[in-house]
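As structure tokens, here come the structures.
Look for subunit A in each of the two complexes below; its partner is subunit B in the first and subunit C in the second.
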Partner chain A sequence: MAGRSTSGEIAAGDAAYARPAARPFWRLHFQRRITLWGIGFVLPTILFFAVFKFGPMVWAIELSFTSYDMVSMPAFVGLDNYRKLLADPVFRESLVNTLVYIAGSTILITVASLGLALAINTRVPGARYCMMAMFLTNLMPIIAVCLVWRFLLHPFGLITQLLQPFGIDRVDWLTSQSTAMPAIIAVTAWRFAPYFMVVFLAGLLAIPKDYYEAAEIDGAGGLLRFRHVTLPLLLPTIFFVVVISALLSARIFLMPYIMTGGGPGNATRVLSMLIYETGFSYMKMGEAAAISVVLFAIMLVFTMLQMRLFMRGERVHG
Partner chain B sequence: MTYDLDKGTPGSRGMEEEMVSKTTSSTNGGSGVSRRSLIQGIGAAGIGAATASLAPRAWAQARAPVNLSFWTFENPQQRPWLHKRVKLFMEQNPTVKVDFQFFPFGDLGKKLSVGFATGTAPDGFVSQDWFMPTWFAKDLLAPLDVQRLGYPSVKAFSDDFAQAFVAGATKDGKVYGYPLWFYGFCNYLNTNQFKEVGLDAEKDWPKTWDQLGEVAKRLTVKSGERFTRQGFKFAMHAAQWTMIQFNPILVQHGGQWFDASGKCTINNAAGVKAMTVRASIARTYGAEDPADSIATAPLPQMDWLRERASMFFCHPIPLQAIASQNQKMLKEGYFRPVQYPGVEPGKGISTTYGFNLVVNARAPKEKQEVLHDLYKFIMSDLVDAWNDTAPFTYARKSGWTDNPEVRKFPNIDEIIKATNQGVYLPRTIVYNELADAVHRGVQRIMLNRADIKPTLDEIAAEVDRATEASKRG
Partner chain C sequence: MTVLAEPPGGRTLRGHFNHYRRWLGLVPLLVLTVAFILPILWMTTTSFQAGEKMFQLTTDWIPAEWHPENYPNALSRAAFPTFFLNSTVVSVIVMVGNVVFCTLAGYGLAKFRFPGDRWVLLAILCTLMLPLEVTLVPTFLVVYKFGWLNTYQGIAGPLVIEAFGIFLMRQSILSIPSDYIEAARIDGAGELRILWKIIVPQCRPALAVLAVFAFRDSWDQFLWPLTVISVNEYRTFPLGLVAFGEDYGTPPTEQMSIAVLATIPVFLLFAVLQRWVNRGFGLSGLK
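Now for the complex of A and B:
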């Protein structure tokens, strides 16, 4: 600036103020740069989901309208696969089994895990160790769990022997059409309830003590405190557990596959097993894709329903 | 070993290749080809071509490194022997590398399906014979060059094996499978338990289905409602075993799986009769408890081996399998295989099945050639195979039956007889659907006392739907 007049400097400054120098095209506005950086950071995740999650999902939906034996090229067959499914009693039975399994295991997991959490929360001596011991069921490999339970549930196995004092000498847990599904639901709850117990425990610990003290002062007993304090404040956690355990149950495969092979008859065949058999054993990938779309639709409807309830719970108690 | 005689030198074709490749590399090297090296190359190629006619069975693996993939099923005797032969082949042919993989017996077919779908199927594999129609329907196998396997013609090849077995691996006059093991089922008896109830296993073994029920009833020991010992045991753990054990009962009673038009006929009068006989051991004679078993996929004969059942229909049982579960039984030798019961005495037949060494049609030509050499080598010493895998018998007629090692195996004639007079599993492209449907039906009948006729109707309807779907593509 040396050598220039002051007025000249002011004039130049005014001009710069009045009409900013044109920004080079590569120099974006701050906000836009922030946005682009943000997109840059999330792009790998979006691409990952697009390629490895949504891509296969879209492809599976596309496959469900084709006849595809995994060797020759898929041939478009319209809604044929879906029509076949509707006429197939094995599919209908598997669909009912899946719904029964989802409902049964979700209810049992929720009730059992809430009960366990309430028991642990009483802070009796050794409660923590009990919790740790129970959580171990989640760390055991699922294959080992299934094989051990298969032996325990033998008609004359340990579980039946425990019932002998009640005059029960034999129960065909896994080989009777009436008991096989309840037995698998019970094993599922045994496996997953301790996991959700931890979730409930976190929810219980988050409830302020003052509420219980106030209720106690008002003369509320244990049951009333549970009904009017614990339950309402635990509702978001309950919704969470219901949604997650229902989704876990809908995808169950190994437990019925190893413990009963879908039998006896068709009593424990769930949709995920049927997808596997139809696709890989019978080499009918188009039909398998159609079954997976049905399973996806069930899960989607269920999730949306639960999310609605969840949101409503949040609004009411939030 | 015939292979040693064949192997000898790398083979003239290999030399020819080597010389041609030397010439080529010299050309590609950019240094130009001198007249001398060119003449040397042509001369060497000429010598190679001349000697090629003298040694037609040249070893492809001598030409360049070849990496093969090979899959088979798991079995405590058969898989280690196959692996041993493959390793030996690699030792003798250092340029060949074989990626040897094995899977549970029931999973191999599924693994192969996925492999073909994803382009990761092996170059060669062992196929159960009932899967051959599935591979044929999708043109997944390469025809075998029987001359490369050492046979002058397809007829000579076919004549060297059990006819009906080769027929299952033949399409349009071309052979697609090199038959390996092939065996029938026998009724395995615990002779001690026969003696215990005053029966002589040599004379009193059941020759008819009624006798099977009566003898099984006599052998049964119960403590209250619980069986201490089941007189007879049908396998309930896997669809494949349900098929193997029921197949001869159906055929013996005049039934068939499909009629000429491809419709499933398991629900006709013969099918109902056969299933009634199948169910009678538990329902009429009270000699078995279908829900009470310790059988597993690797050891379906576990109840019999542990003496929880007195009789069991089984493939030839290796002595090692008996030793692994019941040393006393092996040491004292109180077991023997006999033929299946029949509708009439002496007319009992069982299921027979086997395994083929096959080549993936999508494998490159060069790999296909090396696989032929590998298979020829594997099959070149059946006595060695017998020593490691006895009493699993072979589809091949020559090279093993008269060997003293084979002859001295206990009850070998019964085992061979069961193989020779056996009936095959249905050869259909909907085999898996059929097996699953029958297995589910048998479970409903045996475990939940479902009525036989309606259950068979359901099975037939299910199979017909699968057949229709397959026809439509």
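Now for the complex of A and C:
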């Protein structure tokens, strides 16, 4: 600032035309003003995330070493909460369920949405309308999705009716140990695949047509073209879909909460349900925070992957 | 899109076949589509059925007897008008907040250089792993400290800015040539004027996608309102609907009526913004 005002004085003394109007000291340099505008645009977001995302994250880690019931002050207990969790069979079951759920729904969502995108991408007339219709499943309120599917998967529900002609007898989808989790995974895919279908479509549209034409001239059939043109060029999109759907599935709460209530037994209890129950039904905030930290660690893995992808994308964009 | 030429010659048999063959591909696609929207159709038709039809081993896709009275009955069983009003207020706050702040942040991150801008970008990316489900307990304590329990701002507050929206807007704004902005600056346009007159009009597709998703995400919130709301005046409809379902003896058909009513606003918003959403879809896949 000081340096600039001296140069201003020199300019003012030197010649009037060099700096027609002396810049008042409170007017910032043009470039600096633009930079400040940029910071100003981002600032609300930074503050917001500090208060509602990063602050709570730090607080969660802190709380996880304490015992806190919202009535008395938090008391430091060291690693007790984590030790308790490790010894708790319900926690271990929920952790495994969460991982199984993440793996299952991520794979199913990715495969299904890629399949749907390829089907739409055949550009048959009306494909656009089919896409829009399918996308509706992604807009339906998730609570409605859960309630509807709970009825559809009921032993006397529509799914049983539809499967009967194929000789499949009634199955207690949501109330038997072996089918409850797969059923929830299937519903998750039904809900989210159309969204990722749109993502894949964008990826497919970005592949230059020349590549296909060149492959066709070389005599590559449909399957070969998919294997050697579509798949490699779509790899970044596939990666993106896998990471985002894994992050989405890691936070699942409502589907098991409504459709199975975590049952039968604990077959579909996931970590987010455990966080809510521990924290707000039993008022063990410290222990709930410890579970949060575990869930956070799971999501961290996928976020790191996402970050690598993002940085690579940035480098390409320049 | 239609690269296929008209059938050659005066429509020979083969020409006819080629002409209609492209429609043939629609059949598997149509089957898939129907499979996907079947539950939505089921929900709609069930909402008009008599209560006892639910679990019989046949489904009347067109009700033998229409029971439109399911709707008023369901609405009067609990304070659903209030619940819907609450959901609407919260979702509109969240939608407007996301549209405004994500546009600002997206613009700031796409077209401005300032010290630490890369770190801000990475920090925002990191919030993807901090959804409310993970930070439930401390976020609840933050809202509690603010004295926001049982208020609209309590439900909407933590949702007002989402990383998804910022990346969507940034990606969309990146594709606008910086020359436009420079030219406007040289012409003496203020920064806010540039944002409003140059950036926003070019981002309509992304803004439409953002509006739809922000509204839907807020409309869908369950765990968070369940945590911060304990009085009926501020319950949102999903809480009401679940309480309604647990209530023994309420006909499931009436639950479906509420589910249909809850679906309508999201579909409507989608339909209204559809013109832009279609173009914006391509963007959502980028980042």
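As a convention for this text, the second predicted complex is superposed on the first by the 263 of 318 C-alpha atoms of A that agree within 3 Å, B and C clash if a C-alpha of one lies under 4 Å from a C-alpha of the other, contacts with A are read in each partner's own complex, and residues count from 1 in each chain.
Just so we're on the same page, a contact is a pair of C-beta atoms (placed from the backbone, for glycine too) under 8 Å apart; a residue touches a chain by one contact, two chains touch by 3 or more.
What you see is a predicted model; the values in this text were computed from it and never measured.
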| item | value |
| --- | --- |
| Contacts of A:F156 with subunit B and subunit C, given as first, second, both or neither | both |
| Dominant contact partner of subunit A by residue count, subunit C or subunit B | C |
| Which superposed partner A:I168 touches (first subunit B, second subunit C, both, neither) | neither |
| Which superposed partner A:V96 touches (first subunit B, second subunit C, both, neither) | neither |
| Touching partner for A:F280 - first (subunit B), second (subunit C), both, neither | both |
| Partner chain(s) touched by A:K84 [first = subunit B, second = subunit C, both, neither] | first |
| A:A288 touches, of subunit B and subunit C: first, second, both or neither? | second |
| Subunit B versus subunit C as contact partner of A:P264, first or second or both or neither | first |
| Touched partner set for A:V111, first subunit B, second subunit C, both or neither | neither |
| Which superposed partner A:L305 touches (first subunit B, second subunit C, both, neither) | neither |
| Set of subunit A residues, in rising order, touched by both subunit B and subunit C | 154, 156, 280, 285 |
| Partner subunit A, residues of subunit C touching it in the complex | 1, 22-23, 25-26, 28-30, 32-33, 36-40, 42-43, 46, 54-59, 101-102, 104-105, 107-109, 111-114, 117, 120, 122-131, 133-142, 157-158, 160-161, 166, 174, 185, 191, 212, 216, 219-220, 222-223, 226-227, 237-238, 241-242, 245, 252, 255-256, 259-260, 262-263, 266-267, 270, 274, 281-287 |
| Residues of subunit B touching subunit A in the complex | 109-110, 113-114, 116-117, 134, 138, 140, 224-226, 238, 289-292, 430, 432-433, 436, 439-441, 443-444, 447-448, 450, 458, 462, 465-466, 469, 472-473 |
| Subunit A residues touching subunit C - in the complex, by the definition given at the top | 34-35, 37-42, 44-46, 48-49, 51-57, 59-60, 63, 116, 119-120, 122-127, 130, 132-134, 136-137, 139-145, 147-149, 151-152, 154, 156-158, 160-161, 164, 190, 194, 198-203, 205, 237, 240, 247, 251, 253-254, 257-258, 272, 275-276, 279-280, 285, 288-289, 292, 295-296, 299-300, 302-303, 306-307, 310, 313, 317 |
| Touching residues (chain side subunit A, partner subunit B) in the complex | 67, 69-72, 75, 84, 87-90, 154-156, 169-170, 172, 175-177, 261-266, 277, 280-285, 287 |
